[in-house]
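Please find the structures below.
Here come two complexes built around chain A, the first alongside chain B, the second alongside chain C.
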Partner chain A sequence: MDPMAAIRDTFFQECEEQLSALEEGLLEMEDGNTSLDTVNAVFRAVHSIKGGAGAFKLTELVSFAHVFETCLDKIRSQTLQPDPDVIKLLLRSADILADLVTRCRQGTAIEKSLYEGLQAELENVVGGLADDQSAEDDFGSIDFTPTVIAVGGFESEPAEPTGMSEASGEAVGPVASIMFRPHSGLYAKANEPLVIIRELATLGKLACRTSFDLLPDIEAFDPAENYLSFEISIEGNPSYDDITSLFEFVEGDCDLKIEMLAGDDVAPAPADSPVLEAPVNDTMPTADDIIARVLGRQAGSEPTGEVIALPAGTSAVDERAEKPVEKAADRGTEKGPATKAIRVDLDRIDRLINLVGELVINQAMLSLRVSQSGAVVAANVGSSLEELERLTRDIQESVMAIRAQPVKSLFQRMSRIVREVADQTGKAVRLRTDGEATEIDKTVVDLLADPLTHMIRNAVDHGLEMPDRRREVGKPEEGTVRLSAAHKSGKVVITIADDGAGINRPKVLEIARRKGLVTETAQLSDNEIDNLLFLPGFSTATNVSSISGRGVGMDVVKRSIQSLGGRISIDSKPGHGSVFTMSLPLTLAVLDGIVVSVADQTYVVPLTAVVETLMPESGMLSSLGANGQAIRVRDRFLPVVDVGQVIGIRSEPADRNSCVAVLVETDGHGKSALIVDRIQDQRQVVIKSLETNYGPVEGVAAATILGDGRVAMILDVDTLIGRGSESTSSAQNMVYAKAS
Partner chain B sequence: MTSNSTPADIELIVFRLASIDYCVDIMQVREIRGWTPATPIPHAQHYMLGVINLRGTVLPIIDLADRFGLPPSQPNERNAIIVTEVKNQLVGLLVDSVSDIISIDRTEIQPTPEVAVGHSNRDFVTGVIGVEGRMVSLVSIEAIMPRHKAEAA
Partner chain C sequence: MTLSILTVDDSRTMRDMLRIALTSAGMNVQQAEDGVHGLEVLSGFRPNVIVTDINMPRMDGFGFIEAVRAQSAYNNVPILVLTTESGQALKDRARSSGATGWIVKPFEPEKLVSAIRRVAA
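Showing the complex of A and B:
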C-alpha cells in the first residue's frame, strides 16, 4: 500500500472512532448531560473529522462538518440551548456525517441532496453563520498578523494561569522564549491557555509570567476582550516543532512569538521581572515560518493541500494539536486515553487462532497416544501432560480474548436505526441500552448487526403503538425500546424489549391459518403462537411498510442467530410489550461438549444445551406411536430423540438396556432426551466449519477434530429435536413450511 | 517432471478406478494422500464417504466409483485420495490408485465417443485421450461435486 493510502486509511479508521464518540456524546446530551466535558467531546469529534477531511480535500465532508461544528460551538459557548429539538437535529447530522464519511471512504459520489437540507437546518439554528469563517480557517491558515480583533459572544472569564512554576535560578541547555497573547476568539472556541502552558511544561523547565501591560483604562475596558498575555520560557532543550505543535490548535486566535536561544546567551528571567527581556535573534525563524513549516513545507501554497504531502501524516499533527484539550476533558471521566492499544489485522489474529486450534488438537492427540501406548506412564510424564493441557487452554482463552469486542459499537448503530424508523413512522421512541461493555467475539458482533437491525425495526414499527394510542392506554407517549447485553452461564444474552402492545396473538393465529402454516383445528399455546412469527413467509404487517414486514422477517433473523450457534425466544405480554431474547456463544472457535458414541461413530453434544445425563432403567422408556418413544424422568414424560435414527446412521433404535439418555433443553422445544450408546468424555473442542468445503448439514452444527485425528460432527440439538418430534408426531401441530 | 510446457500443453494426473483409466487436470490437484477412515456425514448423498481431517481442515471425500455409477469402493490402505480444489472448495476423490502424470497438447483431447445408453460417466467426462494405445477419460471435477448440497436432506 502506498503511504498516502495508508494515511487515508488511518484517517477513516479514526473517523469511525470519532463518529462513535460523537454519537455517544450526543446521546449523553440527549439524556440531559450537557456538561462542558460532554459538549467538548462532541465538538472535538466533529472537529477532528473536519480537520482530517480538509487534509484530504473532501470538500463536502468539510463543509458539512464545518456547519455542524459551528452549531456545536454555539452550544459550547452557551449561545445556543441544547434543547431536545436541537439535539435531535444534531443526532441526525451525526448520521449524515457518518454517511458522508462512508461515501468518502468508498469514493462514491455524494449527492448534494444527501446533506444540503440538514446543512441548511443547521445553518438556520446557528443563525446564518454570523461570524463566518472559512472552513479551513482554524487548521490551515498561515496568515498570522498579530492584530487584536474584538469578537462578540465571548462570555467566559479569561483563565489566570496561577500556580505555574516560578522562574528558577539556573539555566541549563537552550531556552525557548515564548510570547503568547490569546485573543478573545481563542476563549470563545473553548481553548484554554492553561492547558497549553501545562503541556509546555512537559517539554522542559517552565517559567511563566502574566503581563498586564495592555490593560486599558477602565473607560476603555471591554469585558469581553482579553488584555493579558503570557511570557513563557522553557529550559531544557525544547524543540521548535514540539512547541509550535502545541499552539497549532489556537493558531490564528492569538499573538505568538517563539524564539530559541542558546542557553549561554540568556539569563533566566528574574522572578520579579514584569516582562521577559529576551534578546531577539533575527536569524531565528519567526512563528510564522515555523507554523508554515509545520502546516506545509512550502510557504505560499495552499496549506491544506500541503499537509497531505507531509510524510508524518496529518493525523499525527492533528493528534498532537489536540492532545492538551483532550487531556483536560478526559480528566475525571472514566474513559481514559486509549494509549495501550495497537491495531492488528484481523487475518493475523485468525491465523493465530487457527494455529492454537491445531495446538489443542495436537495436545489431545499426544495425551491419547501416551495413554494408548500401554506402558506405565511415569508420574512426571502424566503431570507434564496435564500442565501442557492447562497451558494450551490458557493460550487458547487468551487468544480468544483478543477477538472479543464490546457490543457497544453494535448498540450505537442501533440508536440510529431507532431514530430513522421513529421518524418514518411518526412515533416517539427512546432507545435505552444496557451492558454495552459486554464482550463477544468480533465475528458474532459483525454477524449480529443485520438480525439486530431487523428486530429493532420490528420493535419500533410493529411493537410500539402510535403516540395517541399510547396516550389512550395511559402510557407515556414516548415508547421505550430496551437493548441489553449480559454474560450468562457462558453465553451472551442479548434482549430487545419494547413497551408496546405485545404480540397480537389472535391476529398472528389468523394469519398463520390463512397462510396454511397451521391447521384450522390446531390448538396452540401462547408460546407456540408467538413462535409462529419465526416461520418462513410469515409477516404480521397488515400494511407492508418500507421499514419492515416484507415477508422475509423473523425467520431470517432466527436462521442467522442459529447459524451463529445461538437461540432466540419471544416473551410477550398483551398491553405490556414483547421481549426477544437471544443467547449467543461467546466465541465461534471452541465449545465445551459431551463426546458421545452412536453406532461406532462419535458425536459431540454442545454442553450449553445439556441439562443432565442418565442411564435409563428398565421401564423408563416407553413406546409412543409406531416408532416414537418417551422417557419418564421424575414423573415427567419427555420426548425421546434417538440420535442414530434421526441422523440416519441406523434404522433400528438404540439398545434400551445399555443406552444413555442426554437430557437437553432448548428454547424452541423445551426438554427432550437424546438417546446415545455411550458417553465418552466431556471436553473442549475446536469448531471446524463443515460448510467451507461441503455445505450445511441438517442436524449438524459444525465439525471438530478429536484427539485421534478423526473428524466428529457437533450436533445441532435444536434441529435434531425438531426433526425428532416431527417424526414421532408428538404434540406438535405445526406444519413447518419446508425450506428445502 | 516436464516443466517446459507451452500454454497449449496440459498436465494430467492419471488414476485408475475399477480397471479404467481416468485423468484430471493437475492444476486442480492440491495433493495426493493415503486413505484414512472417514466420518460419515448425516443425510449426505450415497457417494459421499464422509469427511476426514486434512491437517486441521475438514475435507469431504467422494467415492468416485460410486459417483460414476460403478460398484462402490471398499476403501483400504492401498486406495489413494486425490485432494482437489474447485471454486475455493477442497474435495477429496477416492480412487483405486494413481498411476502417472502425463503432459499432452490440448488438441489431443478428443470428444467423448457416443456410447451405449446407461453409461453414466458421460456427464463427468469432458473428453478422452489416447495414451500408449489406452484410452484415458478426462474427468471434470466441477461436474463431480454434489450440486445441491444444502438439499442433501
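Showing the complex of A and C:
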C-alpha cells in the first residue's frame, strides 16, 4: 500500500481511539472529575486529531479541532471554569468532531452548517481567538527586514567583514556579514556553532574568523563559558531569510548581528586576522589549535569550531542525503521498540477461527474413528487423543479470545445517543455505564449496536418522564439510564434500566387489542403484557416520534438479539422504570450444547437454554386437551414439546417409557420440556450457518458437523416451543402464532 | 554517516509519518510512545538527534527533555520539539527545558529532515 494511504488509515483508526478517549474524559469531567490528568487526556485527544488532520490537510477538521483545543487549553490553564454548560458544549463539540472525522474519512463534502454554529459557540467561550490564531501560524517566519539586526545587545563594533575573494579577482555579489557569539546556554541545549556554520556554508562561499578577544586571564576563566566569537562572511548572494532561519534555534542564546552588504563594500580581511580556507573536514575543532592559541595568551578555552571556509555548494549534508536508503529504511522498521499490541486484519483472524473450527471437527472425527476401529486401543493412543482434545479446545478458546472486545466502545456510542435524544425531547438524562471492560465477540459487539441504540432511544423517549412530571412525582428532574454489562455463567448479560414511569400496561393492552394482536377477552399476566412490546407492528407512541420511530420496532430488536443466539426480557415496575435484560453468547463461532437423538436423527440443544434433564417416570406426563401434554416436575406443570412431532420427522410421539425430557427455559415461553429419544453427549460444537449455506429453517438456529462427519441441526428452542404449544390455548401463544 | 534518530510521540499517525520521513532520508529510527518510554529506549540506544512531541501521557515532552539533559551522557544530544502549538511561550518553555530547536506540525518531510540535519553534529 502507498505509505501515505497506510498512514491515513492509521490516522483514522487513531482518531476513533482519540474520540473515545475524549468522550470518556468529558464524561468523567461531567461527573465532577476535573483533575489535571483528565483534562490533559481530553486536551491531548483533540490535539492529536488536530495534529494528524493538519498533515492530511483536512482544513475543516483542523479549524474546528483548533477552537475546541483552545477551549480545552483554557480549562487546562484554569482560565475557563468547566461548569455544566461548558461541559455540555464540549460534549456536543466532541460529537461534531466525530462527525467531521467520519466525513473526512469517507471523503464526503462537509457543509459549513455542520460545525459553524458550534464553532462560533466555542469561540465565544474562548473569546478573542482570532489573535491566537495568527500567532499560531508559524513562529519560524520571523518578519525581519534585511537591515542590521542586533540580538542580545552585542555592543562592541564587529570586526571588518572578512573577505577572501580579492585575491582571486572574482566579481563579488552581495555579501552577508555575520557576527556570532554563542553564550553558554546555546551549548547547554546541545546547539553547536560548528553545525550552524557548516549549514551557513551551504548558502554561499563562506569565510570565518574566530575572535579570541574576549578570552579572560586564566584565573577568571570559566570552563563552562564560551569566550569565542565568530566573524563570518558569506559570498554569493545568500538570502537573508535563509541565514536568519539557521539561527532560529539559538536566538536568545547568542549575540548575533547580521549585515547584508553590497559586494563593493566588502573590505579585505585585516591582515592579522587568522583566516583559514580549507575543506570542512580539516577544520573540525581541534583542541590543540585552541590550546596552542590560548596558551599563547595565558588562558584556556573550551574546544569549539574555529575557522571554516567552504566553497559554495559543497556540503556534508548533501552527500549524506544521496546515500542509498533502502537498507537503512528496513532496519529502522525492524528496530522499532517492542509494542504490547499489534493490529491484525480481521479477515485473518476469521480465517484462523474457521481453521480451528475445522480442526475441532477433525479432532472429533479422529477420536471417533479410533474408537470405531474395533482394535483394542493402546493406552498411550487414548491418552494422546485426550491430550489432543484438550489442546484443540485450548487453541479454540485462545483464538476466540483474540476476537473478544470490551463493550466499552459500544457503550460510549450510546452516551451520544442519550445526549441527542435528551436534546430533542427536552429531557434531562444521565447515562451511567457499568462493566465496560466486559469482553464479547467483536461480531456480537458490532451487531449489537443497532438494537442497543434503539433501546436506549426508547428508554429516554418513552421510558423517562418529562422533568416537570418527574418533579411532581418526587423524582429528581434528571432521569437516569443505566447501561451495564457483566459475564454470567458463560454468557454476557447486558441490561438497560431507566428510572422512568415503567410500562403503561393498560395502554399497551389497549393498543394490542385495537390492533388485533390479542383477543378482547384474553387475560394476560403483567409479564405477558410487557412482552407485547416485542410484537411486530407494535408501537406505543401514538404519533411515531422521529426519535424512537424510524420504522423499527422492538420486534426487530428482539429478532436481532435472537439471531445472535441471545435472549431479551423485560421487567417493569410502574412508577419505577423498566429494565431490559439481554443475555448473549460470548461468541458466534462455537456453542455448548446437548447432543440428542430424535428418530435416529441427531440434534443439538443449546446449553444456554437447558435447565435440567430427566427421565420421566410414569405418571409425570399427563394429557392436556386434544394434543397438549404437560409434565409434572416438582409440583409444577410444564408444557411438553415432542421434538420429533414438532419438527415433523415422525407423527408418533416418542416412546414414553424410554424418552428423555430436557427442561428448557426461554424468554418468550418460560419453562418447557423438550421430549427426545436419547441424550448422546454434552459438548462444544462449531456453529455453521444454515442461512448462509442453505436457507432459514424455522425451529433450527444453525447446523454443526459431528465427529462422524454428519450434519446435526442446532435447535432454535424458543421457536420450537412456540410451534409446539400452538394448540394449547394461551393468549400469548395466539399472539406468537400470529407473529410467525 | 547514518544518523540515528529517536522519535517520541504518542500518536501512531505521527510515529508512522516520522518513521517514513526519516527512514526514507536514510536515517536509522527508533520510536518511543511517551517520555517514560523514551527514557527506556535511550538506555540502550544513543541517537544523534531526538525528536519529541510535547503533549504526551505519563511524561510530556518538557519532562522528557529535562530528564535527558539531566543525564550527563545525553546532555549534548540535540533535541527537537515537534509541536502543533506555537508561540513565544512554548518556544521559551522548550528552550528553558533544554530543547535544541523545534519543528511545527504539520511538517513537510524535507523540512523535518533538514531541521534534523541542521542540529546534528
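Convention: the second predicted complex is superposed on the first by the 516 of 740 C-alpha atoms of A that agree within 3 Å, B and C clash if a C-alpha of one lies under 4 Å from a C-alpha of the other, contacts with A are read in each partner's own complex, and residues count from 1 in each chain.
Note that a contact is a pair of C-beta atoms (placed from the backbone, for glycine too) under 8 Å apart; a residue touches a chain by one contact, two chains touch by 3 or more.
Model, not experiment: these values are computed from the prediction.
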item: Larger contact residue set on chain A - chain B or chain C; value: C
item: Which superposed partner A:E248 touches (first chain B, second chain C, both, neither); value: second
item: First (chain B), second (chain C), both or neither touched by A:K573; value: neither
item: Which superposed partner A:E192 touches (first chain B, second chain C, both, neither); value: second
item: On chain A, the residue positions that both chain B and chain C contact, one per complex; value: none
item: Residue numbers on chain C that touch chain A, as the complex places them; value: 1-3, 10-14, 16-17, 19-20, 22-33, 37, 40-41, 55-57, 69, 75-79, 84-88, 91, 95, 98-102, 104-107, 113-114, 117-121
item: Of chain A, residues touching chain B in the complex; value: 354, 357-358, 361, 601-602, 647-649, 688-690, 692-700, 703, 705, 709-713, 740
item: Contacting residues of chain B [partner chain A, same complex]; value: 36-44, 50-53, 55-60, 89-91, 146, 149-153
item: Chain C contact footprint on chain A (complex, rising order); value: 3, 6-7, 10-11, 13-14, 40-41, 43-44, 47-48, 50-52, 54-55, 57, 135-140, 187-192, 194-196, 199, 246, 248-249, 252-253, 317, 320-321, 323-325, 328-333, 335-337, 339
